[in-house]
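By letter and in written order, the chains are A, B and C; residue numbering begins at 1 in each of them.
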Amino acid sequence: MNHRTSTLFALFIAALWAWWELDLKFVDLFPTKGGAQIARDFFSAAWRPAIDYQSEFVPQGAPPFLWIVLQGMLRTIYFATAAMTLAVVVGVPLSALGSRLVPSWVRIPVRILVGGMRSVHELLWAIFFLAAIGFNSGAAVIALAIPYAGTLAKIGAEMLDETSDRAYHAMRGLGTGKLMAFIAGLLPQATPDLAGYAFYRFECAIRSSAVLGFFGYETAGYYLKSSFENLHYQEVWTWLYAFVLLVLFLEAWSGQLRRRFVA
Amino acid sequence: MTPAQRERELYRNRSRSRFIRASNWALGGLLAVTWAGETIDFRSIFSPQRMNNLQRFLREDLSPWPLRQNPESFSWGDWILSIWNQHGADGLLLTLCISLVSIALAGVFGWFVAPLGARNFMHQDPLHRTLQVETKNESVLLPWICQGVRLLQIFMRAIPEYVWAFLFLAMLGLGAWPAILALAIHNAGILGRLGAETIENLDSKSSRGLFQLGASRSQVVASSIFAQGLPRYILFLFYRWETCVREATVLGMIGILSLGYWIDDARVRQHYDEMLVLVLFGAILVLLGDLISHQVRKSIR
Amino acid sequence: MQSVSLQRGDTKVFQDFNLQVQHGEQVALVGPSGAGKTSLLRMMAGGIPSESGDILHGDASFASATPKELRSLRARVGFIHQDHALVPNLRVCSNIVAGRFGRQGLLQALRALIAPTQETRLEVLQLLDQVGIGDKMYHRVDRLSGGEQQRVAIVRALFQKPDALLADEPVASVDPERARDVIGLLTKVAQEYNLTLVVSLHDIALAREFFPRVVGLRQGKIMFDAAPLDLQEGQLQELYSIQNK
């Protein structure tokens, strides 16, 4: 048994142990009476996503349902964009400070900081801020940005380490300062990879900001939750499909970008 | 033509991609709308009232409750140990177990679905052998099946784990299954896609040879593709496991008894000191997971 | 630059090594690989410090220079790397303005990179025209051929306005026909701008054709130092044959 197989084997032994520890039974996958009804109603609504409010009591002058969906999706994107902006502004310098270009007395503390930022989930940061300063969209964005900046810094440092540093050292040899040699010699070469990764993380940030809605912020999750709790399953499916469309769109876009960067 | 004119003309005629320029403009527009708009409110973070809250939170709420009550007989070790015994250890164990079962399920499903999503394989003329085009009727359907599988994978991963868990919780009731299903579905979508890309990028020589010997697609997959693609797939598997640990923690917040449940419970009871310690427990678990996964990936590579 | 003297005791590469190059002189370094040509050039450019002894550029000394002086000294020496060391996904113009970063402050350098002044742009164009690739000013470097990239590297060094130009195996990656062009070009521009030129070469024939002074180097020692006409076949054979021993 080679190394890989044994690793895989170990993972599955661990999973079996976890299965036993959690006392899982396949039977529980089949919902009980009440749950079964919900499941039936929910999945049968998949084929007919709502294009208008499902509720009969729509207040006069309420905007059309699809308009609400659009607004909710846009707000989700705004949260994600704001968080990614902060994450890039903080994460890219941190990735440079965590790369092999800097002496180890800078690099190691930076890597520890980055590890700390990453190790706490964005939703935990969010409820921390909720407890500390109360309900505020800016604080929610910062909560998203912290682990995202950390992840970007970690992956970014790895990418910078893998980038050819010939031009960087050549510029240093001409007497160029470290910062300028980094900006002109190393960063441009790492940019396609960094941008591609940031784009992927943007997609993740959109998911995370949607989930923020479960904590009261008016992103997609907020509406999805209330629709579900009001048993308006067709509305729920509209939100789910809107999400899939957005991800499909982003995917097509990033595919095009990658093709042009590489070519 | 003066040199200056020539230079401008060279500049104007420089090769550039319209798509990248359009993307830059779109990005700029998005940034402008986001930061100039009113959806995100940064200014009021620094309002005096919020600053007061923050101060109180940091000074009082975060310091251990027994320390506030009875400073003389307080011991940090006992306090942390009591939180560990009360909910910490159980929560961590459940979190870890959920992540392990989920990644195993996601890994298995992702892997066996992966060949169905590989475009060069699910083709009437697999790997473009151009030896003979298969004329069997069912092979006409293959590209369609492939597109369908890819769409399904996108659907699985487009929906956040948290939303999946929320939906399943209502149907399945309390227990670990909603969290496991949520993580497994989301990650199977991602792993299936990564696996398909791995297969597409494989060196096709040996598979080509098998096809020429008259092997069927399923035979080639079983004998050649799986063996070749597995090493890379294991890397992805462990990388996703890291994320699973992270997500399993917070999925507790919707009512599954992982660590997140107790974190949210402490928040609702406004025992922020306890919440901080539990979050730190979670962070240690995540860091340990990262470390294990890092070591494993290094040893495999 | 009046003279360069160089000494590096206690190392295997060079021991008590001395070499003087007059200002405006053109020198070819030849010798088998591993002779220390690259190390010598990099020491002359201040890229690696000598362990003992000193490298002098005119009156300025590398050994006693403060970090700041070292930077400005390095800015006075142009270096052309074997693999060009260009940034492949930037345009030619941006790569060339980098030549002067050693003399510029951060803001000035950033400006030159992002939005160079007309004066700078015309200077770049004129230099590019001189090596025959003016039309490629706004092409991305990775879209250029090897020979064209070589020219970009030369222009970057010229744009730097150095006193001396050092080139490490500038023709290692181009075919023989191109190699002649490149070396011819190098010696021509060095003469035009009155630059000291030191080039390391594999190809002795090229060295003899273009350079008034050829220095043979083997295992960190000078085997000969003469004008091409004075070079004897025996010396050349000795330079390479000992390697086979």
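In this text, a residue touches a chain if its C-beta (ideal position, glycine included) is under 8 Å from a C-beta of that chain, and two chains touch if they have at least 3 such contacts.
No experiment lies behind these values; they were computed from the predicted model shown.
Peer 1: If you take the chains that touch chain B and keep only those that also touch chain C, what is left?
Peer 2: Common neighbours, chain B/chain C: A.
Peer 1: Compute the centre of every chain as the mean of its C-alpha atoms, then state which one is farthest from the centre of chain B.
Peer 2: Relative to chain B, the chain with the farthest C-alpha centre is C.
Peer 1: At what distance in angstrom does the C-alpha mean of chain C lie from that of chain A?
Peer 2: From the centre of chain A to the centre of chain C is 49 Å.
Peer 1: Centre to centre, by mean C-alpha position, how many angstrom separate chain A and chain B?
Peer 2: Measuring from centre to centre gives 8 Å for this pair.
Peer 1: Given the complex with chain C, which residues does chain B contribute to the contact?
Peer 2: By the definition above, chain B touches chain C via 3-4, 6-7, 10-11, 13-15.
Peer 1: Going by the contact rule at the top, pick out the chain C residues touching chain B in the complex.
Peer 2: 91, 118, 121-122, 125-126, 134-135, 137-140, 143
Peer 1: Show which residues of chain A lie in contact with chain C when the two form their complex.
Peer 2: Chain A reaches chain C through residues 166-167, 169-171, 173-177, 179-181, 183-185, 188-189, 191-192.
Peer 1: Of all residues in chain A, which touch chain B in the complex?
Peer 2: Touching chain B from chain A are residues 3-4, 7-8, 11-12, 14-15, 17-19, 21-22, 24, 28-29, 31-32, 35-36, 38-39, 42, 75, 77-79, 81-82, 85, 115-116, 118-121, 123-124, 127-128, 130-134, 136-139, 141-142, 207-208, 210-211, 214, 221, 224-225, 228, 236, 240, 243-244, 246-248, 251, 253, 256-257, 260-261.
Peer 1: Report the residues of chain B in contact with chain A in the complex, numbered from low to high.
Peer 2: Within the complex, chain B touches chain A at residues 17, 19-20, 23, 30-31, 33-35, 37, 39-45, 50-51, 53-54, 57-58, 61, 93-94, 96-98, 100-101, 103-104, 107, 154-155, 157-160, 162-163, 166-167, 170-173, 175-177, 180-181, 230-231, 234, 237, 241, 246-247, 249-250, 253-254, 260, 263-264, 267, 270, 272, 275, 279, 282-284, 286-287, 290, 296, 299-300.
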